[in-house]
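Each of the next two complexes has subunit A plus one more chain, namely subunit B in the first and subunit C in the second.
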Partner chain A sequence: MRFERRLDQPRWLIFAVPIGSIAVAFVLMAIVLVLTGHAPGPTFRRLLDSAFFANGALTATFVSSTPILFTGLAAAAAFRMQLYNIGGEGQFYLGAVAAVGLALYLGDRGLDSTPVYIVAMALVGAVAGAAWAAIPALLRAFAHTNEIITSLMLNYVAGLLLTYLIIDSHSYWRDLESFEGQTFPLGKTIPEQANWPSASLDAFGGVLLPLGFGVGIALAAVMWIVYSRTRFGFEIQVIGDSPRSARFAGMRLRRKILAVMCISGAIAGLGGASYEGDFAFQIDPTGLQTSFYGYTGIVVAALARYNPLAVVPVAFLLGGLLSAGYTLQGADFPSGLVGVMQGLILFCALAGEVLVRYRLRIGRRAPRGVEAQAETAS
Partner chain B sequence: MRGITKRFPGVLANDQVDFEAAPGEVHALLGENGAGKTTLMNVLTGLYRPDEGEIRIHGKPVEFHSPRDALNAGIGMVHQHFRLVETLTVAENMTLGWHTPRFWLGARVGRRQVRDVSESLRMAVDPDARVWQLSVGEQQRVEILKAVFRGSRVLILDEPTAVLTPQEVEQLFATLRVMAREGHSVIVITHKLHEVMAVADRITVLRGGKSVATLPVSEATPRSLAALMVGREIAEARRVEREHSTGELVVEVANLTTPGDRGGFAVRDVSFGIRAGEILGVAGVAGNGQRELAETVYGIRAAAAGVVRVNGKSLRPGDPRAAIGAGVAHVPEDRLGTGLAPSLSITSNVSLKTYRTAPMSRGPLLLLRRMHERARALIKRYDVQAPGPDTPVRNLSGGNLQKLVLGREFDGEPRVLVAAQPTRGLDVGAIETVHSYLRQAAADGVAILLFSEDLDEIRALADRIVVMYEGALVGELDASSATVEELGLLMAGGRAE
Partner chain C sequence: MTAQVVASGINDSFVVIIVASAVLYGTPLLFAALGELLAERSGVLNLGVEGMMLVGAVMGFWAVQRLDAAGGVSLAGALVVAAVAGAAMALIHAFLVVTLRANQIVSGLALTIFAGAAGLSSYLGNDLNLSGSPADHAFSGLDVASLGDVPVLGPILFDQSALVYLSWALVVGIGLYLARTRPGLNLRAVGESPASADAMGIGVTAYRYAHTLAGGALAGIGGACFSLQITPQWVGGLTGGAGWIAVALVIFAFWRPDLCLVGAYLFGAFSALPSTLQARGWLGGIPSEVFSSLPYVMTVVVLVAVSSGAAKRRLGAPAALGIPYVREER
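Then we have the complex of A and B:
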């Protein structure tokens, strides 16, 4: 049994492989469920139900989907140029911190207009994310530092910043006045006018579609146009495929590295702003750091093959799975098992990717040399 | 090896080649780039299987299915790029992956064996040194010891002196002679004539995939070898005499010096000028700075000193966009790696240098339909064999890639063309086409800087020929009167007599 590179990739494979992967994942999950004494059928029904069909399920799914839609787009933006920005996590935090900070400040100044809040929070979140991403970008462009390492490490720095702001200091972000805030470290809540609205989709039984998700869809469309129809996108394609040839064609690699990394950071930062404006309304260091929105975004981008349009449905489906996981766990269903199920789906989906690029050959005799070698070795 | 034939798509790399090496001799395999030396040795080491012919070792026919088979038969190879694990010690590198029955008895046994081997060959290497601490020459010694340690009786060295200093070369040659005296067969692949004369007992010359001669070193002279290597009998045929260009000086290169990838300087104080409609040929053995010179003129590589002027204006060093703006086109040596984006479509690659401005784009937007049209037109005009403009270029054959690159570069109506090895790897028909394009461009007034290791090609196309050796220009000859012998000697570092 061995893998051979496919010379051409039939179009149907791109659709067949993900569907097949999910099917395999459900088979594996069924085995795990039976082994742990759960009935697979009802469990799956409950899973799908609580992700998409139950009352309020879709609203909860959007809550989980929106942040990973942004971080997924952020990862896709950079990965397309083979620039591996693993720092979406930290850039997301920074966007959240900046957006909350500005909303609190404007609230203190007595600002009343929700649209102004939204625009200001989105802008400052994007700028903060871009600035955080600019650090690995500059290091990569001018010192040839590996951006995977630097952007990853900065995630931990950003996490410490969150802890510092809320737990280790009396910062502007910390709630020192309310009763709860005095007994337990809490983030200050942004004014109600700064809450982002959501659209109630009456056709779907009053599902709440948060503003952030709409922004994400629009962003995905813009990104798709930029990447496939503009000079900038063309340069990114060429640089991603062959930096040498890009240089040969007179493209300025450093500028592109800076630009793409900052765009990626800005999208993640905007995600942070949307997360605060749409759902969280305050900095919660533990909640943010245990959600892993940034890292999940990388998985979303990979499953979507870095195609921004595909990021939208992938983020939605994965968000459904995440949110169903929360409702599923309980006394009879340990949270570890939920993790196993989510992990199996991701694992199968990513493993299936291999089959798109390689074909599996079974039953061909190994070359004689290898056999001879095996004999002498034994 | 008898009657070895190996075909690749579009190329006959080895054509009925006979080759033999006796125990106790150093046998040099001499030939230009693309003559088939490496292919032949890859057949011998089991990397390729020959389409025809047979290999015998000690008179017994063998068949290799993998490099492992060849290794078991006692054939070892020292590659140009070493295959050592830098962070492990010498002893660990030598024993790594080699299943002696009692390997786990520990490093001590391995170390002792390593020391035994190195003493028997009088090659001092500290078995406990880590590879990254060793000089290039020492690393090469480790590679040789590794091959011997693994039981090789036939040792092949691919361009072993390419990375060595003259002193290290002396040491290496001494080692090779010791090994031959101990009864090994040593095969040295090279294209440097003076080294052949210094170390070899016998010489086999390959040209165009055929073995043209095998002779003892006592019967050879650098002159006769150079003639054999480049094949003078076909040399005179193809030259088309043209009027000497009297056009204006388009390109001026003054005192250009460029750092190399491995430190030191790859281009040393090079100066020349090219007139409109003139072809200046740069001859030389591969690796003497031609690629770096081409890249510096075009701006992919930044010069350490010196200047490139086009029409009297000096180009910003290290900025290809400046060169493109001044009308400099470049057909790079490594077409797929430098000139093209392999997984992108023909359309994208055709517009690789023109996407920036009208008519290919308006403002920030690309005009995809125009790019498509341009690609289709270019495919037709330059007869590129491809299913369509959306095909990724990595699916095209070498000849079609070259046509695509040439077509794109000519299409920009350049004033200067830097063509590096434009016919390497092409078959005869494609070579003719490329030559006619180059001649046509010169007739249209383009100043052409032509790099080629094929002396026939240079003599057929160029007006003047300069020879590059170790980064410097060592001679300039009029192409109509230059002889292969003169060029061969200059290329091998000898002085014109």
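Then we have the complex of A and C:
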């Protein structure tokens, strides 16, 4: 088996590889299921059914797709420049905390206008996410510190902050008044006017499309324009492909690192705000920390090959998988299966990437002389 | 008689307890960091340490519950199982990055997602029904030559578990291997300049596979330190980021095994601090989360300190780290 570098990449491969990756991942998954004593056929049927076809399945899928649409866009924004922001998880938490905090505050001041709530929550969420991302960005830009590890470490710190706010203190975010809140630690619920609306798609049997998903699609379109049609996007591409050429061309590396990392963090933070406004309405430290939306975003972005437009359908598909995972969780469908599936899809996508870059030749072609000798010998 | 009474007084003091628990909590970090060091010295960056540790932890724990043998045999068997499980995870990474030349960073992240807290380790833990019960056997202090009660040094040096002594042997062994043996020299050549190593007739692919797998095996054992000694039971995601701290440790240690030991115990101390302070009621009104975040915050701080100074001199980092070797394109 040998690899030969392709001189040009056929267009059909760009679509065939992701689809093929998912197909191969399903085959590998079937092997894992068989090895652990589960029947793959019924498991997959139930998985697809509760992801997309059952009653109310699509509404539930949008609930899981929306956060990972944002974290996927956040990862794509940074990974495109080979800037590995894996702090999407923590930036998402910070966005959620800031958005809930502001919504609670505005509620206490008696604000009544839903659009004002939405804009305020989105803005403050984005700012909080960007601020949290600015830490690894500054360290990377000015101290050459590996952003992978610093951004990841800050995820754990952000998780501890959630625990502190709700479980270990009497903070502004904690519900101390209601009966449930006095029995066990609980986040305060934001006012009803601060709930983000959702559109009912009657053509699809009344599926609820949350506002956040719409915002995410718009954001993906804007990102696509910025990354493929502007000077800023071009420079990011060059820096990603060859930092040396970028430096020689006079591009400002530090500024780009700061800008891209903060944009990435802002998108993740906005995702946190949307998560609270659309679905959660309060800070739930365990729920947030066991959902792994930030890490799933990396899978989404990689599978979409960091193309913002492709992030939308990928987030929808993986959202279906996540949502089916929650619905089916139990003895026949142990938790963790969804993560295994995501990992397998990502492995296959990585392997598929090789087929885009290289042509695979099976069988070793022996040099002419050797063949001739072999023939005379026989 | 009186000597012993005095000794137990000193041995219960805060400093001795912190140092002894720094060794306890530092040991998984040390195993994982040594493993990552071997992989990185061959030029393979493996960010899947956290995932490999968790799979090692869950499989090691499963082995101890299943093996019907005396404590010592069962624990030794569990370490082997944990090492094999970790190496199996590393094999996926090695295949993707060495044979298929995939992006090492993304592949390592994929491995952590695949195997980590929300993936295979949690699946295995649930499917094998492992949570909720304590380990049938756990590693505990060996009290070497009954020196465990010696003042100060006793609890720190002589009353540690077999895992700790194994890790010390590994530090020495890997140090000698890298500096004094032919395969160690070859390994360094592969990590610094695979093209020259290839020209010398060293099998770059074989070295990279072997050391990535060895790294996975050590990460698996590191994970088993949690489920068989520190906790000692199976809890999903019990490593809590230790794998990532281990990746950072290799950087602070300038890719040297002896410095890995120092770094691991430093971070072990940070990890031991919150529970030790809490046990004594010494938190002083400061939220315990502040102490729990110390290992993570200190990782960032130390990384900044090391990278700003060392970036100019490029101390220790293998030159070919993270770069796939393609003979046709050298």
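A few remarks follow.
In the analysis below, the second predicted complex is superposed on the first by the 310 of 378 C-alpha atoms of A that agree within 3 Å, B and C clash if a C-alpha of one lies under 4 Å from a C-alpha of the other, contacts with A are read in each partner's own complex, and residues count from 1 in each chain.
The definition used in the following text is that contacts are C-beta pairs under 8 Å (C-beta built on N, C-alpha and C of every residue); 3 or more make two chains touch, one makes a residue touch a chain.
Given the structure is predicted, the values throughout are model-derived calculations rather than measurements.
In the superposition on chain A, contact of A:R247 is made with subunit B only, not with subunit C. In the superposed model, A:D168 makes contact with subunit C only, not with subunit B. In the superposition on chain A, contact of A:L160 is made with subunit C only, not with subunit B. Touch criterion not met for A:G41: it reaches neither subunit B nor subunit C. When both complexes are overlaid on chain A, the residue A:G206 reaches neither subunit B nor subunit C. Which of subunit B and subunit C touches more residues of subunit A is settled by the count: it is C. Shared interface residues of subunit A, touching subunit B in one complex and subunit C in the other, do not exist.
Remark: subunit B residues 46, 64-66, 68-69, 72, 99, 298, 300, 319-321, 323-324, 330, 332, 337-344, 348, 351-353, 355-356, 361, 364-366, 368, 395 touch subunit A in the complex. By the touch criterion stated above, subunit A contacts subunit C in their complex at residues 3, 5, 36, 79, 84, 86, 135, 139, 143-146, 148-150, 152-154, 156-157, 160-161, 163-164, 168-169, 290, 292, 295-296, 298-299, 302, 334-340, 342-344, 346-347, 350-351, 353-354, 358.
Subunit C meets subunit A in the complex at residues 47, 92, 96, 100-103, 105-107, 109-127, 236, 240-241, 244-245, 247-248, 251, 287-289, 292-293, 296-297, 299-300, 303-304, 307-308, 311, 326, 328-329.
Those residues of subunit A that touch subunit B in the shared complex are 7, 229-234, 237-238, 241-242, 244-250, 252, 367-370, 372-373, 376-377.
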